[in-house]
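Given below, in the form of structure tokens, are the structures.
Look for chain A in each of the two complexes below; its partner is chain B in the first and chain C in the second.
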Partner chain A sequence: MTTAIEQIGRSGMHAVRSFWDTLTFAFRILARMFDVRAYNSAVRMVLINQIYFTSVQILPLFLAVAVGFGAIVIGIIGQYLIHLGLFGYFGQLLMGFVVTEFAPFITVLLIALRSSSAVNAEIAVMKVNKELNTLHVFRIDVINYLFLPRILSGILSIVLLSWLFSIVVLVSGLIFSALLFDMSMNDYVTALLASAKFSDLIVMLIKCATMGFFIVMIPIRYGLRATDELTSIPVSVLHGMVNVFIAIMIIEVVSLIVVSLIEKFI
Partner chain B sequence: MRLYSSEELLDRELCDIMAQEKHRLGLVSLDAPLISNLSVLSNIALIKQYHGRLSVREAEDIAKVRLKKLHLEDIAMKRNPVLLEVQRFCVMVLRAVMVEDAMVVIDRPFKIMPDLDDTRFIRDVLTSVDDLFQECHIFDYLWNEERYAGGMIHGA
Partner chain C sequence: MALKTEWKVGLFIVLTVLFILAGLGYMAYKKGIFQPENTYTLSSRTGDGLSVGMPLYFSGFKIGKIAELELSDKGMVMIKITVPTQHAKWIRSDSKFVLEKPLIGSPKFTVTTLNLSSPLLSPNSIATLKEVNDINDVIQMVQPILDQVAMITDNIERLTGSLADPKGDMNKILKHSEELTGYLSSKKSVLEMALGDEKSVQNIHASLQNARNITDQVGKLLKKTDEELYGKDGIIPLVIKILRELVTNLDKIGKTLDNVTKISSNTAEATQDLKLFRSEVDSTVNSINRLINELDKKIPFKSEPKIKLP
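Here is the complex of A and B:
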């Protein structure tokens, strides 16, 4: 019994320490992000490459998913609203659910599956190959040169791709609502504009930036935990990705709480 | 040239010199490999880009001139895994001499190029770039002394 309690306590302590370490690391990165001395041509080159790998290479798949999911979701939502006699809320559902919740969530899932795992494996491989030691020997700061561009690219990618996803879904919504529900373009745009709230868009922006930050920072941290052995690479990717999904869930819940608090008090 | 009778002793001396001269250290060692997701050109240019705050083009122009010195222009866009051992060594030396007022430290060269019989190749490479560094130290084991019998260039 005592052993079991000790085990729970140890696991709890470990989880708290790990959470604290993640936050400390996040603050170190954030502080460096606003330090202009951290940026030079080498860092800018990595940033441009990372934006290309994260945001541009994924575009064909991303646009296909946006059109496909957009059509399905708008079709289902519209049908249910007509069935319930609540079609007047169509615009609100599009803005409140598709734009502020669905678009960031699908975007973050796609980027996490593709880029977070790649970043985690890349950092772990660099650690195993002693390439991080090379940077240390030549006095190249790993936070500035390796981590900062990847994290900035994560933030920019999630924010911009979420907006792109929303735009594609809303445009496909325009087409499908005309085809399925005989809704004119004027009615569709009016419904959307009437439901658009500036505070929702700001919350969405902050949520996307936060998710972009953590879905790259967490894999970096777990990549750094790799040892000198090749077998530690899959283990670090596994732990990193599990923690990325936990972080996504936590940020989703926190953003929902923040939105409900804003609606309550403002 | 510094020869040591044990790995422990060599590692300790190497750590000391790395700590003392970290601001002008240009290390050539398997413990400081080339960055595998960068081309040879980018690996060499990186030092000037980062410390010299040069643009990508300026730093790569310098790197191209230095690759030409060792007749290695054709491997500029290749990456570490496909390089031959001697090419890898040359690129590591070129990267080391990109450090300002470089003190080149070559750690166990015969570990980087196990097929080499003597130091002639190392000597030729260092002679080709001897205007680009201030001093050079080679760390190796005592049992490799015979391979250094031909002597090394001044300062090495």
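Here is the complex of A and C:
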């Protein structure tokens, strides 16, 4: 009995310590992010490469997914709304669900599956191969050179790709609404504009930036936990990805609470 | 390779940002953010139900919003509303601003203009905001009912107090009821319960027996009377028979009288018919006598007809 309670206490303390370490690490990265001296030419080069790997390379697949998901989701939502006699809420559902919730979520999932796991594995391999020690020996700041470009790339990619996803979904929605529901462009645009709120878009922007930050920062953090053994690489990637998904869920819930508070008090 | 990558990344960022800005700009333009606005000031007794950003509706369409709320030196709530210039034409000097507070749902801020040819409302003038409160109207309608409910509640309270009081009226009634039901349960019949005395019950039974006997006798009497009146040998058939005979005889008399008339005209020749006439008259008189005798015997319905001898 005592051992079980001790085990629970140990796990709880470990979770709290881990959470605190992650937050401390996040604040260190944030502080460095606003330090202009951190952005030298090498960092800028790495940043461009990271944006290329994270956003540009994925673009064809991403746009195809956006068009496909947009058509499916808009078709299903429209059919259900017609069935329920609530087609008047079509614009609200598109703006409230597809743009502000669905688009960031799909984007974050795609980037997390493709780039977060890659970053996690990359950092873990560098740790196992003691490349991080080498950089340290050459007095190269790993935060500036390795972490900051990747995290900035994550933020920028998620923000831009989420908006792009929303635009593509809305444009495909325009086409599919005309084809499936015989909805004119004017009606479609009017319905969207009536439901669009700048406050929702600002919350979406902040949410995307926050997700972009954490879905790269958490894999880096777990990559650094790899030991000298090669077998620790998949373990660190596994833990890192699980925590990335937990972070995505927490950010989604917090954003929903923030939106509801904004609607209540403002 | 590096240049190519930089070019691709730059193009991606620039195009995406342009798309986003174009979308936001279009949205802002369509929402009228870049349009010039007219500001009007309204005054209200209370700011209850009003909030900054609350939309202003005209004929169900949103044409403006509340931009600012402030309290004047006189304690009035000053409401500043902004209306895009394209919608300013709907707001005239005689427009009525109303804050509708429905019983269910959030308040609605509306403007109505009956005469669109009136001059436009000056931004410097201060219009009055009228409040239509469904809740107050309902309360006014419900108030008499509530008063009655309060009275009923008082009565119920009194009743329950009386019930709870061991010396109260209700307890007295219950006690009396208990005594009464106990008393009634000791009686043998409902009649005894009602009269409270067994001897009286016996008297009633005797009276009922007498009444039954009398009824039987009356029944017999009525049957007998019916037989005497309408029976085969009763009065009515006899009277009918006599009357028929009388009619027959009267016909004969009539004929005889005709003959008498003839005889009187021919006195000499008529003397031979006088005998016949005499016998007919006698017969008639005898029939009438018989009828009178029969009637005399029957009336007044004596059980045994008696013949009164001369």
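Operating definition for what follows: the second predicted complex is superposed on the first by the 266 of 266 C-alpha atoms of A that agree within 3 Å, B and C clash if a C-alpha of one lies under 4 Å from a C-alpha of the other, contacts with A are read in each partner's own complex, and residues count from 1 in each chain.
The definition used in the following text is that a residue touches a chain if its C-beta (ideal position, glycine included) is under 8 Å from a C-beta of that chain, and two chains touch if they have at least 3 such contacts.
A quick note: this is a predicted structure, and the numbers were derived from the prediction, not measured.
Asks: Could you tell me whether chain B and chain C fit or clash when both sit on chain A in the superposition?
Replies: Fit.
Asks: Just to be sure I read the superposition right, which of the two partners does A:131 touch: chain B = first, chain C = second, or both, or neither?
Replies: Only chain B is touched by A:131; chain C is not.
Asks: Quick one: is A:242 in contact with chain B, with chain C, with both, or with neither? Answer first, second, both or neither.
Replies: A:242 contacts neither chain B nor chain C.
Asks: Tell me the contact category for A:122 with respect to chain B and chain C: first, second, both or neither.
Replies: Once the two structures are laid over each other on A, A:122 reaches chain B alone.
Asks: Of the partners chain B and chain C, which touch A:145 in the superposed model: first, second, both, neither?
Replies: The first partner, chain B, only.
Asks: Of the partners chain B and chain C, which touch A:45 in the superposed model: first, second, both, neither?
Replies: Both partners, chain B and chain C.
Asks: Which partner chains sit in contact with A:76 here, chain B, chain C, both or neither? Use first/second/both/neither.
Replies: A:76 sits against neither chain B nor chain C.
Asks: Once the structures are superposed on A, label A:179 by its partner contacts, choosing first (chain B), second (chain C), both or neither.
Replies: Neither: A:179 stays clear of chain B and chain C.
Asks: On the A-aligned overlay, A:258 touches which partner chain: chain B = first, chain C = second, or both, or neither?
Replies: Neither partner.
Asks: Put chain A at the vertex: what angle do the Cα centres of chain B and chain C make there, to the nearest 10 degrees?
Replies: 170
Asks: Of the two partner chains, chain B (first) and chain C (second), which one does A:230 touch, if any: first, second, both, or neither?
Replies: Neither partner.
Asks: Minimum Cα separation, chain B versus chain C, post-superposition (Å)?
Replies: In this superposition, no C-alpha atom of chain B lies closer than 10 Å to one of chain C.
Asks: In the superposed view, which residues of chain A touch chain B and also chain C?
Replies: The overlap between the chain B and chain C interfaces on chain A comprises residues 45.
Asks: Spell out the residues on chain B that touch chain A in their complex, using ranges where they run on.
Replies: 18, 22-23, 25, 27, 30-37, 46-47, 49-51, 53-56, 59, 95, 99
Asks: Under the stated contact criterion, what part of chain C meets chain A in this complex?
Replies: 2, 5-6, 8-9, 12-13, 16-17, 19-20, 23-24, 27-28, 30-31, 53
Asks: Mind pulling up the chain A residues that touch chain C in the complex?
Replies: Per the touch definition, chain A meets chain C at residues 45, 48-49, 51-52, 55-56, 59, 156, 160-161, 163-164, 167, 189, 193, 196, 198, 201, 266.
Asks: Once bound in the complex, which stretches of chain A touch chain B?
Replies: Going by the criterion above, the answer is residues 40-42, 45, 122, 125-126, 129-131, 133-135, 137-140, 145.
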